[in-house]
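Each of the next two complexes has chain A plus one other chain: chain B in the first, chain C in the second.
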Partner chain A sequence: MNQLPTLFGVINYEFRMQFRRRALWITFLCIALLFLIRGGIHFFLVFALSQPLLPLVANWARSLNFLLPIVAGVLLADRLARDRKTRVDELFTSTPGALSVRLAGKYVGSTLATLLPIFLFYSIGVGSILYQTHNVMTIPYALAAFATISLPGILFVSAFSIACPFLLWVPLYQFLFVGYWFWGNILSPHNGIPTLSATILTPVGGYMASGFFGDNQQLIVNATVMQGVESLLLLLGISLLVMVVLWQLMKWEQARQ
Partner chain B sequence: MNIEINDLSKVYRGGVQALNAIDMTIPGGMFGLLGPNGAGKTTLMRILASILRPTNGSIHIGEYDIDTERGRTSVKRMLGYLPQDLGMYPDLSAREFLDYVGILKGMDNRKARRQRVEELLETVSLTNVANRKLKTYSGGMKRRIGIAQALLNDPKLLIVDEPTAGLDPEERIRFRNLLSDLGGDRTVLLSTHIVEDIAQTCRNLAIMKSGKVVFQGTTAELVGETRGKVWIITTQGIKPEGNFTVVSTLNMGTTIQYRVVGELSPRAGAVPAEPSLEDSYVWLMREQRTSNISMIS
Partner chain C sequence: MFLDRLRYELKLMGKRVILTPVLVMLGFALIAIFLHTRAEDPSRTLSASLEIILPLATGIVIATITSHDAAIELQLTMPKKYDRTVLRRLIIIFGWTVCITLLSSIIIYALKFWYIPLSSPSESVTLQFLTQVLTWIAPLLWLVGIGVCLALLLRSRSASGALIGGIWIFEIIFKDYIAATNWLHPVFLFPTTLLPMVGTIPQVYFNLWLTTRFELLGTALVFLLIGWLLLRNPEGLLKTSSEE
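For the complex of A and B:
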C-alpha cells in the first residue's frame, strides 16, 4: 500500500482537529496580549527604529520564541493521549495505515496547526516593521528568520510534547515542561544554577539569531554561523530521534500486548 | 473465505489466561461467537483483527498467516472491524470521521472515497445529520457510524464485536437485518452474549467459556442436542424445585409458567417443549458448570 496519501490525509485531519480547538486561539491571544503589554509595544515604538533590519527581524522572531513555545508544548501534549482516551487507537490499529505514518501525520499536522497562530502573531509584527522601515526586504528576512529561529524550536518542543505523554500523565508532563522551559531557556547561567540556557541545545534559537542574523541580545552574543548551524541541526536531529524512539516504543508495546 | 485457528492461546501480562488452546474453523457467511462475559470472545476478535498478538498457536485467514507482518497487513486490507467500544474523535463530523477512516484504510482515490462515504451514510440512514459533530450523536447513531466505517473498504472479512449492545429493540432488529444482508458474500464474524442476535442471523456458531470453545457446529445441531431436555412447568405460584435451570418465567394470571432445561422425568404439570437456541445455550452452560464441579470434586 502506498502510504504517502495516508500521510497527507492524516496531516490534513490532525491539522483540522488542532486548528479547531478554541483553547489554541484563546491561549495564544492571551499570551500575545501579555507579550505586547510587557514589552512588545516598546519593541515596536522605540527599539525597532534604532536597529538595522536583519537583526531587528531576528530579534522579533527570537522574542516570540521566549514564550509562545510554552503554549505550543502544552497544547500539543494531549494529542497522542487523546487517541487512547477516545479509544480510536484500537480501530486505527486494525487498518493498514502504518503506525509510523499515523505518528508522522499527527506530528506534522498538529504542529502546523499550532504554528499558525504563532505565525499570524509574528506576521503582525513583521507588518509593523515593514510599515516603519518601508523596506520590502523585511519579508524575505522575516521568512528566513522564522524558518531558522522559530521553526526548529517549535519542532523540538512538539516532538517532546507528543512523545513524552506516552510515558507520563499529560498534566504532569505539562507541569514539568513549563518548569523545564523557564529553567532551560530563560534562567541565566550566571546565576550559578546549572542550566541548558545559552547552550546550543536551547530551542529559543539564540545561536541562529546571533550566528545568522547578528542579533546579539540577552544570553547569547557573537555566535558563529557554524554554531548556528550546529544548534539548528541538533534541534532538528533530536526532534527526529524523539519521534523514532516513540514509534519504536509504541511498536514494542503493541507487540507485547 | 475460511479462517483456521489452531492451538491458539493468549496469556495477558499478569498471567491472566484469556484463550486456552483453541481450535476452530470458521467458514464463509455469518458465523456467531457466543459466550458469557469474560469468555475470551473479545480477545479472539482482537487477535483476528491483528490488534493483539497470540501467545501461542496459529491463525490462517484465507491464504494469509497472521503470524507474519505481511500476512497481518494483507488481512487488514480486506478487514472491516467494529470494536466493542468504538472510539471516535468527538469533534469531527460523521462525514469527516468516515473519510478519515477511509484514508487509513488506503482508499486513496478521493472522489471514490467520498462517494463510498455518502453511500454508507445513506445505508445507515444518517445522511441528514452527517455534518453534525459526533459528540452530539446518540449511542445508536454511533453504532451505525461504527458499522459504516467497518464497511468502507467493502471488506471480505467483517468482525463485529457486541454490535447490538445498548441498542433499542428496533435498532437491534435493523442491525441484525443489515448484518444478515452482508453475510451473503463475505465472512462475518459476530461476537455477542445476546443469544437472540445469533439465532436470528447465523447458521454456524461457536460457544466459548473461560477461554475455551465448548461447542462448534450449526445452530440446528446445538438445538438438536437439547431436544428432550426442555420442559414447561405450570404451577399455582410456587417455584418448582429440582435438578433444572429456569430459562424464563411467564405470569399467566392465575398460574405461572416456568420454562426449564434439565434432565427431567415426565411428571404432572411438566410438558416437553421444542428447544430454542436460548434453551440450548443455557443447557450447555449448565452442563459446563456441572462438569467443572465434578472435575473439582
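For the complex of A and C:
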C-alpha cells in the first residue's frame, strides 16, 4: 500500500490539532511578555545592536533558543500520551497506515505547528533589526540563521519530547527536560559539575552561531565552520535515531499484545 | 475517616507524586558525593537542589494534579465541594515536599554544607536554620501558587508546565537584571544560590534579601487565593479536558 497519502494526512491532522490549541499561542504570548520585561520593545536586541549584521542576526536566533525550545518541548510532550488517553491508539493500529508513517507524521506535523509561533516571534525581532539597520540582507541572513541555529535545536527537542513520554510520566519528563535544558545549555562547564554545555551536543546552537555567523558573544567562541557542521549533523542524527528507537519500542510493545 | 481519605487521595495520585521529591534529593545527594570526591565544595549545588530544583518539580506536579481529574464530572456532583478535594491534594503534595526538603535541610546543616546569608557571624543556630528554611520555602510556595493559577487559567497541563519552565529559566538567565530592578523583587525567586548571597553579608543586603523573601511569600499567597477562587468555577474545570 502506498503510504504517502497516509503520511500527508497524519501531518495535516497533527499540524491542525497542535496549531488550533489556544494554549500554544497563549503560552508563546506569555513568553514574549517575559522578553518584553527584559528588553522593552527591542526584546533581547538591547545587547546586540552595535554588532555587524551577520552576528547580530545569529545572536537574536541564539537568544530565542535559550527560552523558546523549552516551551516547544513541554508543549509537545503530551502528543503521544494523548493518543493513549483518548484511547485512539488501538483504533490506529487497526488502520492500514503503518506505525512508522504515523509516527513520522506526528513528529513533522506537531513540530511544524509549534515552530510557527516561534518563527513569528523571531520575525518580529528580524523586522526590528531591518527597521534599525535599513539593510535588506537582514532577511536572507535571518532565514539562514533560523534554518541552521533554531531549527536543528527544535527538531532535537521535539524528537525527545515525543519519544520520552512513551516511557516516562509526562510531568516527570517535563521537569527533567527543563532541568536538562539548564544543565546542558546554560550551566558553565567551569562550575565543577560535568555538563554538555560548550560541547557540540548543545541544541541552543552556539557552535552554529559562532562557526557560521561569527557570533562570539557567548559560551562558544571562535568555533570553526566544520564544528558548526558537526554540531548540526549530530543534532539531526540524534533526532532521527530517537524517532527510530521509539518506532522499534512501539513495534515491540504491539507485538507483545 | 481523615486517614482513609488521605490514603485514597495518595492512591489516586499515584506513587510517582510521592517519589518525585525523594528521587530528586537522592539524585542531588549523589552529585554532592561526586563533587566531594573531586575536592569541589557541594554546598552551592545542594542549595540549588532545595531552592531551585525541588520547587520546579513541585510546581509542575501541582499544575498537573490541579487541572486534571479523570472523574471530574462525577466529582462535581458530590456534596463535598471539589475545591476542597483539590486543596487537600495540594496540601498533601506541598506537605510531603516540605517534609523532604526540611529533612534534607537538617542533613545539609548537620554536615556543614549550608549556603545561607547571615547578618552577623554570631547568629544563633535557630536563626540560621530559619534563614535556611526561608531560602526554599518562598520559591516553593510561589511556584506552587503560580502552578495552580496557570493550570486553571490556561486549562492545559502542558501549557502550564511550559510556562513554569519558561519562568524558571528566565529567572536563572536574568538574575542580575531582576536583582537590579526594584519592581521585580517581589518575584525574585532564587537570589540565595544564584547571586549568590552567602556567609556574613552587610546588614543592608541581608535586609534586602529578607524583604524579597517575604514579598515572594506574599505574592505566592495572592496566587493561591486566585487559584482557590478559580477552583470554585465548575464550568472552567469541565472545559479543561477539551483544551488538552
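Methods note: the second predicted complex is superposed on the first by the 246 of 257 C-alpha atoms of A that agree within 3 Å, B and C clash if a C-alpha of one lies under 4 Å from a C-alpha of the other, contacts with A are read in each partner's own complex, and residues count from 1 in each chain.
Throughout what follows, contacts are C-beta pairs under 8 Å (C-beta built on N, C-alpha and C of every residue); 3 or more make two chains touch, one makes a residue touch a chain.
Only a predicted model underlies this, so the values are computations on that prediction, with no experimental measurement involved.
S.K.: Could you say whether A:182 touches chain B, chain C, both of them, or neither, answering first, second, both or neither?
M.R.: Only chain C; A:182 stays clear of chain B.
S.K.: May I ask you to decide whether A:24 touches chain B, chain C, both, or neither, giving the answer as first, second, both or neither?
M.R.: So A:24 only meets chain C here.
S.K.: Using the superposition on chain A described above, determine whether A:9 touches chain B (first), chain C (second), both, or neither.
M.R.: first
S.K.: Name the contact category of A:172: first (chain B only), second (chain C only), both, or neither.
M.R.: A:172 sits against chain C, while chain B stays out of touch.
S.K.: On chain A, which partner's contacts cover more residues, chain B's or chain C's?
M.R.: Of chain B and chain C, the partner in contact with more residues of chain A is C.
S.K.: Name the contact category of A:124: first (chain B only), second (chain C only), both, or neither.
M.R.: In the superposition, A:124 touches no partner, neither chain B nor chain C.
S.K.: Mind working out whether A:96 is in touch with chain B, chain C, both or neither, as first, second, both or neither?
M.R.: Only chain B is touched by A:96; chain C is not.
S.K.: Which of the two partners, first being chain B and second being chain C, lies in contact with A:33: first, second, both, or neither?
M.R.: The answer is neither, since A:33 touches no partner chain.
S.K.: Answer with first, second, both or neither: which of chain B and chain C does A:193 touch in the superposed model?
M.R.: Touch status of A:193: second partner only.
S.K.: Considering only the contact definition stated at the top, list the common interface residues of chain A for chain B and chain C.
M.R.: 82
S.K.: Mind pulling up the chain A residues that touch chain B in the complex?
M.R.: These residues of chain A touch chain B: 1-2, 5-6, 9-10, 13, 16-17, 20, 82-83, 86-97, 102, 255-257.
S.K.: Quick check: in the complex, which residue numbers of chain C touch chain A?
M.R.: Within the complex, chain C contacts chain A at residues 16, 20, 31, 35, 38, 40, 45, 53, 56-57, 60-61, 63-64, 154-159, 161-170, 172-174, 177, 184, 243-244.
S.K.: Note which residues of chain A are touching chain C in the complex, please.
M.R.: Checking each residue of chain A against chain C gives 21-24, 26-27, 30-31, 34, 37-38, 66-67, 70-71, 74-75, 77-78, 82, 85, 169-172, 174-175, 177-179, 181-182, 186, 192-193.
S.K.: Using the touch definition from the top, list the residues of chain B that touch chain A in their complex.
M.R.: 13, 46, 49-53, 73, 76-77, 79, 81, 83, 85-92, 96, 100-101, 103-106, 108, 149
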